[in-house]
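To start, the structure under review is shown below, and the notes come after it.
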Amino acid sequence: MFHKTGQILSRLIKQWSPNKPRPAADQNEPLSSSIQVNLNKISSVFANASDLVIRQLQIGTREQTEAFVVYLDGLVEKTIVNDNILEPLTLELRQAQANGGVSRKRVLALIKKQVLSVGQVKEATTVQAVIDAVLSGETVIVIDGSAVALVANTRGWETRGVQEPPTESVVRGPREGFTETLRTNTALLRRKIKNINLKLETMKIGKQTKTDVCIAYLKGIVNDKLVEEVKRRLAEIDTDSILESGYIEQFIEDAPYSFLPTVGNTEKPDIAAAKLLEGRIVILTDGTPFALTVPYLFMEAFQSSEDYYSRPFYSTIVRWIRFTAFFLSVFSPAIYVALTTFHPEMLPPALLISMAAAREGTPFPAIVEALGMGVIYEILREAGIRLPKPIGQAVSIVGALVIGESAVTAGLIGAPMVIVISITAIASFVVPAISDVTAVMRLILTVMAGIFGQYGIMMAVAGILTHMVSLRSLGVPYLSPLAPTNIPDLKDVLIRAPWWAMSTRPRVIGWHRPVRQKFHLKPEPPSDTNRDRT
Amino acid sequence: MLEDGRITDRQFMLLIIVSRLILSLTYLPALNSPPENQDVWIAGLLSFPVHLLLAVPAYLLAQRFKDRSIIQSAELILGKTGKIIGALYVWFFLHMTALTLRQLSCYLTSVPYPETPAPVFIIVTALFAALAVGYGVETICRTGEIMTPVVMFSIFVVIILIAKDMDLKALAPMLEKGIAPVLHGALTIAARTVEILFVTMLLPYLNQPGTAKKAMAWGIFFFIFFFTIITVSIITTFDVEQAINRTFPFFSTVRLISIGEFLERIDAVHLGIWILGLFIKISIYYYLTALGAAQLFNLQDYRPIVLPLGTIIVSLSVLQAENMVELREFTSYKVWTWYALFFITFLPLILLVVAVLRRREVQAR
Amino acid sequence: MVYVLIIIFILLAVLEIPGLIHKKLWGELAAVLVFLTIGFTLSLPLVLGIKVPSPNNGIKYVITTIAQKIGR
Amino acid sequence: MKRQLIAIFIISVLFATSGCWNRRELNTLAIIMAIGIDKAPEDGKIKLTTQVLKPDEIKAPAATGGQGSPKGVWVLTSTGHTIFDAYRNATMQSDRKLYNSQTKVIVISEEMARAGVRPILDFFDRDHELRRLSWLLIAKGEAKDIIEAEHEQEKIPAQAIESLVTASGATSMAVTVNLHEFLKMLANKATDPFASRIEIIAEEETEKKAAKKPKPEESQQNGPRKRMRLTGAAVFKDDKLAGWLNRPETRGLNWILGKVKSGIIIVKSPKDENQYVALEIIRASSKIIPEIRDGQVTITVEVEEEGNLGEQMSDVDLTTPEYFDSLERRQATVIKNEIAAVLRKAQKEWGTDIFGFGDAIHRKFPREWKKLEKKWDTEFSQIEVKVKVISTLKRFGLHTAPAGTKRE
């Protein structure tokens, strides 16, 4: 099965490989055995590339052979090029020849096997291969009289180190985050899952950018059909550029018209590893620390990695806090509008009296207040995010003062509305993964509440709910395990069961091999007889 | 295949519960049916065997033609005449949808929105239901799967909160009028369970058709359980004399909830849950109408006719009755029981008998 | 109101029909047209304020007469 | 795509058509807190007095300081042929629509109640805004006076009335009947309803003179300040007011119904007949047991009461077995007397079954009840009612001998 998949994959990769769609003959042609021809070709292809370095040298003493080394400055590790390629080529080869003498024909094999002290050396036979290698930071050695060039892996460029991701900071748990470098990211994953079943298949997407995209999955746990489906969808992307994982997300998601995300993302390798171990697929993209995870279910937004690192009781409470916050953030303006303008009879008397007192003399209807305040809040938020931190704080202070204090004292809006919007805002930060979703839902609900009150809210809920249950992420129902209900899976949704009780993977995803660990792993304290009696 | 969705037996059960139960949360015509006194809840309990009895023909018919709905199997059994029976069923589902919509709008315009014209609610609800119907039976069932537990939970909460106002003495004396009116009441309650027909329409989409019998029985059981506690709570809080006078008995009960000054006026929550539950009921009947019509005309897809059918449903719903008195009259046990019984039991029985006589079975497939 | 009704029905027709013609689903097209016509004929009198007898009255009549006959 | 189009269409239609059907902003409502119903001077008309909330006054309590506490409510009076009519007529005086859902108190005047309350109460049960949880009170005198009366502690007098009713459990000398319970009793074939009785007592002149800081404006304008007080219960025959129960009689009613929650029973000290002993009621329950023997109906009312010695004014130590027994007996006698008083009034004077005796017979003897039902009105006055009081004293507080007693 997997073998077959591999075949399909390689066929697919061949299909995408950028030389196929491009008919330009000169790039596909094999290298010439004349070094001059090769040199001309390469330098003409890279015309005007000021970062290109072509180092011409003569190697050997007795029979001097023309050769050149080509690489892109900045993409290579200079010390490797100098110490492990240029120095051996110029010095050690001379010694080798001095000792025995090497024929011109064997010089290539000699260099590859004896001279180059670089980890990974490949051979390239076409001009295009040479160009691709150079572009991805490798060093190419072309020798006169040989139609085969040597490609040494010397990749090494300025990268950001592994840091704590700002979007998903934790109190307990690993603090490392993905970086912009694909290789680092795969290494981070490998370090979490030291298993040959962790497959990392790389493909290049983007006609111009040729971005490396890596599909990671755990063979044996993942549903193979899902992997094929992901590959098929990735294969269909035929675009100029992939600069961020968001590009890919929008090309492969199931419901492009929906405001709900069907592809998840994370910046933390431990989360990615956990998703892999649940049978999900992680898509790493070069150039961004954000990894995509599919299939993505709605309930994942309420799970945080820290839930699993801390003990289950508080995690369960926190999970319910998140649900509550989500509902507050989605419903509170709508309910406020509905209650004050349509159903005052449903407010408890004491509350109604104080609400009526607060609403006294405010000029706008509640729905206008709610929508207006919502917009102002979004403006403030946006202003705060993009600005440098100190200014951002100033903006939020001014905003809070203007809205919270002045507007109420001036009698422009009622104080309860400010409270409602503040609750909404704060609550939407509790579930950051879907804060955009809550904003959209909130808008829909508030508008409907303004038109129809409670009935409008309920109709909007019905619409949103039917929409949500109709969605699928890679064939997995979006709202599972709630609908269709899968009671064993609720152990990680409604509660967070202790680890020893989570013996099965989420069945909708990891049905292939559902058992994660032995049952009956509950720790038993030693019985009295073993206890140290003092 | 018109519909490629698959539903589980749990979804099927919950669908029956919510669809049958949800209108009992407002209208509860059982209180005005015989025995018309405090024995209504006994009638509810006794209706369980009656339910099962009434469901037998429909169930056997569905089992006999596992891959066909009643509309298709009627055609198979009776040929051209079967088309007429199929059309009758499409009409019945259409009528159910229109009637339910009308009942929704009637409640909404009676209590929370007296000044809003009723057609507004009918149109808006029908539009949203059309959205759900377009998504297919899977979506409706899944929505039901989420909402039904909420409905059931809310009933429990209401019962717990109203418990201090309940006076169980109101249930005495039991069987005041003897057993006969109670049995009549059981029949009227069972005859309102049009949801029995779900098995004839949705059995082909159950992922385990064998469990349909169990799911249906459990669904009816749960319905009766909740029906009983609802009627008991109404009768014990209002006494019989007041209870049978209520237009919306259970809502009146919910409005009485008042615990320590702060936990009161929770009818908004209840109203919301009721609207959602009713939305599911409307969606499923709307869906059955569209599906049935598509099967009747041998269409390949039911989705194009959803909105055109919606126009019929909406206008039928508006002209359903001149006023609420007429609506109440029509849905009372005197009329509705026999009308529903005709479709639930009588027609399936005829079809079944003919099918047995003519030995039509699944062989045609 | 009549204009709104007509606009709604035209809109529905525009939404449904071209796709069906494109896919050559003639059966569906016929059904859509039939249902739209029924819907229009039912809703037009409602909008115009003409009373349409409810089908419920007929059902009620049939059932009560049968019940009376059986009761006798 | 089609769906999106439809959704956009729906929303735009909704926007276009959503007039302000049921829109009512909070600041366009006149929130009614209490309603008083009187007979209007015009023939057959009803005078409605409503207490409407003034949110502005509630909002800023300290802002208007110095001029005494501003009134939190506004009292509106209107007339109409029916209650609903009177409501709508009130809207002509108020700039806002009268809004009924928060009404806490419904006060009906004595005159109105004597004429029958069923026609009045229809509106309150039919209207969707009002809940059946409003308290129903019968005013001795005009209901308007009650609604207009102010309260020192509460800005909203309706809240004060509500608190009076809900706090009446401390004495159990008033009944707490809301619309729901009243209508339940009214609808019951056997039972006759009762309701709280409220009246105005003018503050005595002497008391006012004694006050050191008379508030000039108020006292001059309003004359003697009015206070409201719960004074027992109003008893109905069917829907017509039959008469009043005073406070001990009301507690008698509560004993029979098992609704006594707390209260003080005053007995004479067994040692010194001039001094009083206060016994606190801790809990009480009752049973109504109907019996039919040879067509003869007997009702047994079993009251169980448990009390504490709460206070005594004599100077002997009453915490001895003998005294305690005697106190228990005296306690039982007081309870019996209270019950007997109310029974006499209800049975002999008015013939109203406010105790639910008929209902109890109905539940226990449904067959016999069928015969009894028609003549229950006359039968009720004839039936024998046995009262059994089991009354106990349990505790005596933190000291035994009276406070400050010297040991001999």
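By written order: A, B, C and D. Residues from 1 in each chain.
Here is the rule we go by: contacts are C-beta pairs under 8 Å (C-beta built on N, C-alpha and C of every residue); 3 or more make two chains touch, one makes a residue touch a chain.
Everything quoted here is computed from the prediction, not taken from an experiment.
Compared on C-beta pairs in contact, B-C and A-D come out with B-C as the pair having more.
Relative to the centroid of every protein C-alpha atom shown, the closest chain centre, again from C-alpha atoms, is found for B. Between the CA-based centres of chain B and chain C the separation comes to 23 Å, rounded to the whole angstrom. Separating the CA-averaged centres of chain A and chain D is a span of 67 Å. Separating the centre of chain B from that of chain D, both taken as means of CA atoms, is a distance of 43 Å. Note: centroid distance chain A to chain B, computed from Cα atoms, is 47 Å. Chain B has residues 112-113, 124, 131, 264-265, 307 in contact with two or more other chains.
The residues of chain A that reach two or more other chains are 342, 345, 349, 452-453, listed in rising order. Residue numbers of chain C whose C-beta contacts span two or more other chains: 15, 19. Within the complex, the chain D residues that touch chain A are 1, 4, 11, 14-15, 18, 22-27, 29, 31, 53, 55-56, 58-59, 99, 101-102, 104, 129, 131, 156. The touching residues of chain A, counted against chain B in their complex, run 339, 342-343, 345-350, 452-455, 457-459, 461-463, 465-467, 469-470, 477, 479, 482-485.
Contact residues of chain D toward chain B in the complex are 3, 6-7, 10, 14, 17, 21-22, 128, 131-133, 180, 183-184, 187-189, 362-364, 366. Those residues of chain B whose C-beta lies close enough to touch chain D in the complex are 110-117, 120, 124, 127, 130-131, 134, 169, 172-173, 176, 238-239, 241-242, 245, 252, 255-256, 258, 264-265, 307. Within the complex, the chain C residues that touch chain B are 8-9, 12, 15-16, 19-20, 25, 27-28, 30-32, 35-36, 38-40, 42-43, 46, 52, 54-56, 59-60, 63-64, 66-67.
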